[in-house]
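Below you'll find the structures, each written out as structure tokens.
Two complexes are shown next, each including chain A; its partner changes from chain B in the first to chain C in the second.
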Partner chain A sequence: MNQVISFIRQPVVVALVLIVALLYLGQLLSPGFASGGQILRLLIVAALLGIVAAGQNVVILGGREGIDLSVGGIVSLSAIIAGNVMNGADSGILPAIAACLAAGAFFGLLNGLGVTLLRIPPLVMTLGMLGVLQGLLVVIRMGIPSGQAAPALSRFVTQPLVFGLPGIIWLWIAVGLLMAFMLHRTVFGHRIYAIGSNEHAAYMAGVPVRPMRIALFVISGMFAALAGLCLLGYSGSSFANVGEQYTLTSIIAVVFGGTSLAGGKGGYTGTMAGAVLLVILQGILTTVNIDESGRQMVFGATLLLLMTFYGRGRAMRV
Partner chain B sequence: MAEIATGPMSRRVGSIRRLLERYPFLPALGIVAALFLLNGFFSPASLSYRALTGLLSTYMALILLSIAQTYVVYAGDIDLSVGSILSLVNVTIIVLMERWGGGAGAVLLSLALGLLLGLACGLVNGLVVAALRLQAIVATFATSIFFTGLALYILPVAGTPAPTLFWRTYGGRLFGLPFVFYILAVLLVLLFMLARTRLAAQLLAVGDDRQAAYQTGLPVVSVRIRGYLLCGLFAALAAFCITGDTASGDPLVGGKMTLYSVAAVVLGGSALAGGWGTVVGSLLGALTIGLINSLVFFMGTPSEWQNFMQGLAILLVLMAGVLAGRRARP
Partner chain C sequence: MSKLKLSGVSKAYGATLALRRGDLEVMAGEVHVLMGSNGSGKSTLCKIIAGSVRPDAGRILIDDTPATITGPRSARAQGIGIFYQELSLAAHRSVEENICLAALPVRAGLFVDRVSLKERAARYIALFDGVSGEGFAADALVGNLRPDQRQLVEIMKALASEAPLLIFDEPTSALDRAQVERFFEILGNLKRRGRGIIFISHRMDEIKAIGDRVTIIRDGETITTLNLDETDAATVIRLMVGGAGDMPASQSSVPAAVDIAAESALTVRNLSGAGFRDVSFEVGRGEILGFGGLHGQGQSALLRAIFGAGAITSGEIRIGSERFDASSPRDAIRRGLAYVSGDRSRDGVISGRPIIENVSPIHYLRDRLMIASPSRLRDRVLPALQSMHTKFASLFDPISALSGGNQQKVIIARWLIDRPDVLLLDDPTKGIDLSAKADLFTLIRQLAAEGLGILLYSSEDAELLGNANRILVFNGGSVSRELTGAERTRYNLYQAAYEAA
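Entry: the complex of A and B
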């Protein structure tokens, strides 16, 4: 019995149950919501969020108040860079991927250096970096046109590739497998959990804490950049602050996946389920016929309600 | 025990540290002074009485919002909904004042209800964070979505004007002095009094070590809730100032201000982890952001580069603020 209860209380299971319940609710509210094509569309949106959340996840797992508020800025920047580099031509895709990942890694590196060498709290460092990135977006937008997605990239994101699933879903599955392998089968992954649960002990055990932490922010920047590239494929052309919403939704996806914001506990499988859950919730709210104001109120209240299902803090005990 | 170390050098470091311990906002004050000088260097007119009044009336809302944020940061919490509380109170008082005719009585009654609304929002935040024990960052983000929805419901599009009486008073003069100066004076007295209350000490104690505070017998949950209440109250006051400054209602006016308020708290030398900080520092932090924005403008930065320069300058002073703040901590 206890085993059953602990199984049910697992965040992944909670998220999956909620996903099924929400799909059922969506189908009730608007018949056709849970159809194959509609679910596929939701999964594409979830994949974009899920890829950003992968980076957010490792930073949060690394502990010491780890959080990356700059991911939204990096997503936007990457979408603009990609649009300009490829400019509607398939031949520009590879250079665009290289440029985006380099930009994401660069800003992630700056975040990591600030957090480790100067010991700036991650929230402050990445918040400041978000301001810089938003400024940079203005500079780029005023200087050059926003650019177009290459047709192949748009096809990759929106059209079926193998077994009826678009390339981006396969990419997300690949990211999921990569993350699972990295977190649970490599020394690097074990070290993330080690510094996340007890940094000092990890340091004493010989874990290179600072390089690790820098690497986590670089990974986060690169995942955000990858998502920005895919987002360009999804929307066709990049526009102002297209990635802004990803900053806080990626954190919520991680929390809904059962990863503790305190670090050292959680994983990416849950985060994937969390991303799907969040996107389905948004999907339901856009299909039901209510004002923007009502939609936001219901969204906010539902987020709070769902959060109560997940790791609430412990009560104070003497 | 720095006094034990001998030599003139270490003694000097020790005295600086003592000074910083006593007045942790000194680095922020230095940055503000330097920014004033730079502003004056690039544009002497920016130090005129008139320009300073303008600066104060524009940034008074951010100052109050940063102070609001400080009280929850004291207790080791954070409030990502302050901007949406500001928006909500802004549209609510605008709609009420218009509906009731815009006379003096209507304005005062609307402001009183605005304060209550701010308190109610703070109570909601306090309950979900302290009583339900949700994680502050994500929980207050969720409440901010809710508050924004409510603001959009009350006033779907920006634009309803404030009664003339209201913004004329805010932007006008009283006994020959600009009205914002009185606001600042009252605010300083209020902050001074609040700093002497038991609540301020309790918030800092809870932020310093929650478990220890609990074991000492402090009602931790209720202290944290009261921190959020204070936050909601100051966010409502900030809303009054933004209403006076913009003279209109906008359901999204505070959206961008939340993160600035967090930045101002850090600029002021307070620790985001809680247990250490001053509200005066946050006031100076908010002024720093305002002065950086005007400095970038006065330096003749090309318009497309202004946001970037502002972001970069704020990042740099944030780093400086954290480094200086750490030195000051006992």
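Entry: the complex of A and C
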């Protein structure tokens, strides 16, 4: 009996139950909401969010109030870089991937150095970085055209590739497997949990705490950049602050999936379910004609609500 | 005239009796010294007087009138002022504000009266004129002062309470000689004006210099009160140690000496750093070198510094015959050092993670592993845990499910998969049960027999006397005496710990 209860209380299970319930609700509100094509479209959007949330997830797992508020800015920047590098030509895809990942890694590295060497709290460091990135985007857009996605990239994101699923879904599944392997089967993953649970004890056991923390921010920047590239494929061309929403939603997805904001506890499977859940919620809100600002309010309120369930008393403890 | 009288005061924390029967009488116009070893109940007694702990039983008289002390405010209202050993200063406020913090002078019922605050603070600052050192001023921020200057502010703050009864709990630990002398002059003046003063110190010379009478506490009981004029240091120490103190340590199981000349595991020469200075010693392969002395005399700081987790300013460490510049625990582990702290929850336990992940980090580091394969790891982890007689259901249970003793065994087991050359033990048995302690020391001796060099700091004398081949007694950050062979007695340990270095 106890096992049943603890199974039901797992965040992943809670999220899955909620996903089915929300799909049913959506179908009631707008017949066709839960149709196959529509669900596939939702999954594509969820994959974009899920890839950003993978990076957010490792930063939060690393503890010490770890959080990355700059992901939204990196997604936007990456989409712009990708658009300009490939500029509608398939031959530009590989250089674009390289450029995007390098940019993501660079800004992640700056975040990591600020947090470790300059001892700036992650919240402040990454918020400042978000401001820098937003300013940078304005400067870039005034000088150069926004650029077009290559046809192959758009096909990869929107058209069926294998078994009727588009490439981006397969990419997301690969990210999920990679994350599971990294977190649970590599020394690196065990060390993430160790520094998130008790940083000082980890240090005394020889875990290289600072390089680890820098690496986590670099990973986060690279996942955000990867998502930005895919986002360009989804929307065709990059436009102003296309990635802005991902800062808040990636955090919500991670928390929804049962990862503690205090660090050291949680995993990526829950985050994937959390991403799907959020996207369905977003779909329902759109269906009932709630505009972007209204959706932001609902998301903010959702995060606060989640914290009262999962994170209470632990989240802000130092 | 009696200022304060406690009779039959007791206090228990759960099942632990911290104070069994505390008696103390402080007269007006005397400096009354309180003595007792770590955990004797001395600080519990002080906390009861200061109101931060409520006694379970016993009577308290202030000025021959029965009194109840309900809290720190009530103690202050009844004329008791205390100097806190753990500094209680506001770092971002000025010296004068800190001095007057307990009772800020107020104007018009609302505003701080700056002028009278300055006047009042100046009186106490003037007391230490000439010895308070460079940069000490009424408007200096406390956070910018040196440790000794901060301690002076703490003293001034206690004096500013103008309480008829003052408690000073180790007030001189950071002060230099001139500052101590000035402080003792001030205490002498207060005494002549009829104040009662309770004084706690571990320096025998200071106690003789300033004290009138001494009350000795042992195992939670007041043993006796003596006039310091009519007694000597040896008698006081003998009373603190108790009956069997002169007996040498049980020699049956401890090898008397190890031939260091054969092979040295760790050599430390003239090592100084934060909390310790000019320490030199050598520990041989197969030897257990004990660190004794009172709490916080540099033993832990030294062990941490050797392990790369503390500051070293000068001196040299050699592992075997090679020089080692301790820069981080990671380096130290690679070079074959291991460190086990008594403060498990801070230094050891990776809370909320499975037992297996609490054992594996060292193995990953030493074998430069990248992939964590649970099945292969299990084969390495299980023998290490079993050699410690660790009780657990599954390797994948969270470590928090275990008792304190078993958690500590897991932490020690993490060092046993790949044997280190030198084991640093920093009060490793703190807060663990007796059977776990016994298991632990069986293992420690076995490791020594296998050729490890072991440094053991313990706050329990019995552990040192029963296991160490030699004991270095620490006092004020440096080694005050080395005890070998038949010298290893409780009496000698106390004497070296309490005598001025």
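Please note the rule applied: the second predicted complex is superposed on the first by the 288 of 318 C-alpha atoms of A that agree within 3 Å, B and C clash if a C-alpha of one lies under 4 Å from a C-alpha of the other, contacts with A are read in each partner's own complex, and residues count from 1 in each chain.
Throughout what follows, contacts are C-beta pairs under 8 Å (C-beta built on N, C-alpha and C of every residue); 3 or more make two chains touch, one makes a residue touch a chain.
None of the values given here were measured: they were computed from a predicted structure.
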{"item": "First, second, both or neither for A:A194, with chain B first and chain C second", "value": "second"}
{"item": "Contacts of A:L178 with chain B and chain C, given as first, second, both or neither", "value": "neither"}
{"item": "Partner chain(s) touched by A:A202 [first = chain B, second = chain C, both, neither]", "value": "second"}
{"item": "Chain B versus chain C as contact partner of A:A102, first or second or both or neither", "value": "neither"}
{"item": "First, second, both or neither for A:G131, with chain B first and chain C second", "value": "first"}
{"item": "Chain A residues touched by each partner, larger count belonging to chain B or chain C", "value": "B"}
{"item": "Touching partner for A:L29 - first (chain B), second (chain C), both, neither", "value": "neither"}
{"item": "Where chain A meets both chain C and chain B, residue numbers", "value": "none"}
{"item": "Parts of chain C lying in touch with chain A, wherever the complex brings them together", "value": "307, 309, 328-330, 333-334, 339, 341, 345-353, 357, 360-362, 364-365, 369-373, 414"}
{"item": "Residue numbers on chain A that touch chain C, as the complex places them", "value": "184-191, 193-194, 197-198, 200-208, 264-265"}
{"item": "Residues of chain B that touch chain A when the two form their complex", "value": "78, 80, 128, 132-135, 137-139, 141-153, 156, 210-211, 214-215, 220-221, 259, 262-263, 266, 272-273, 303-312, 314-315, 318-319, 322-323, 326"}
{"item": "Residues of chain A that touch chain B when the two form their complex", "value": "65, 67, 69, 114, 118-121, 123-125, 127-136, 138-139, 142-143, 248, 251-252, 255, 261, 291-301, 303-304, 307-308, 312-316, 318"}
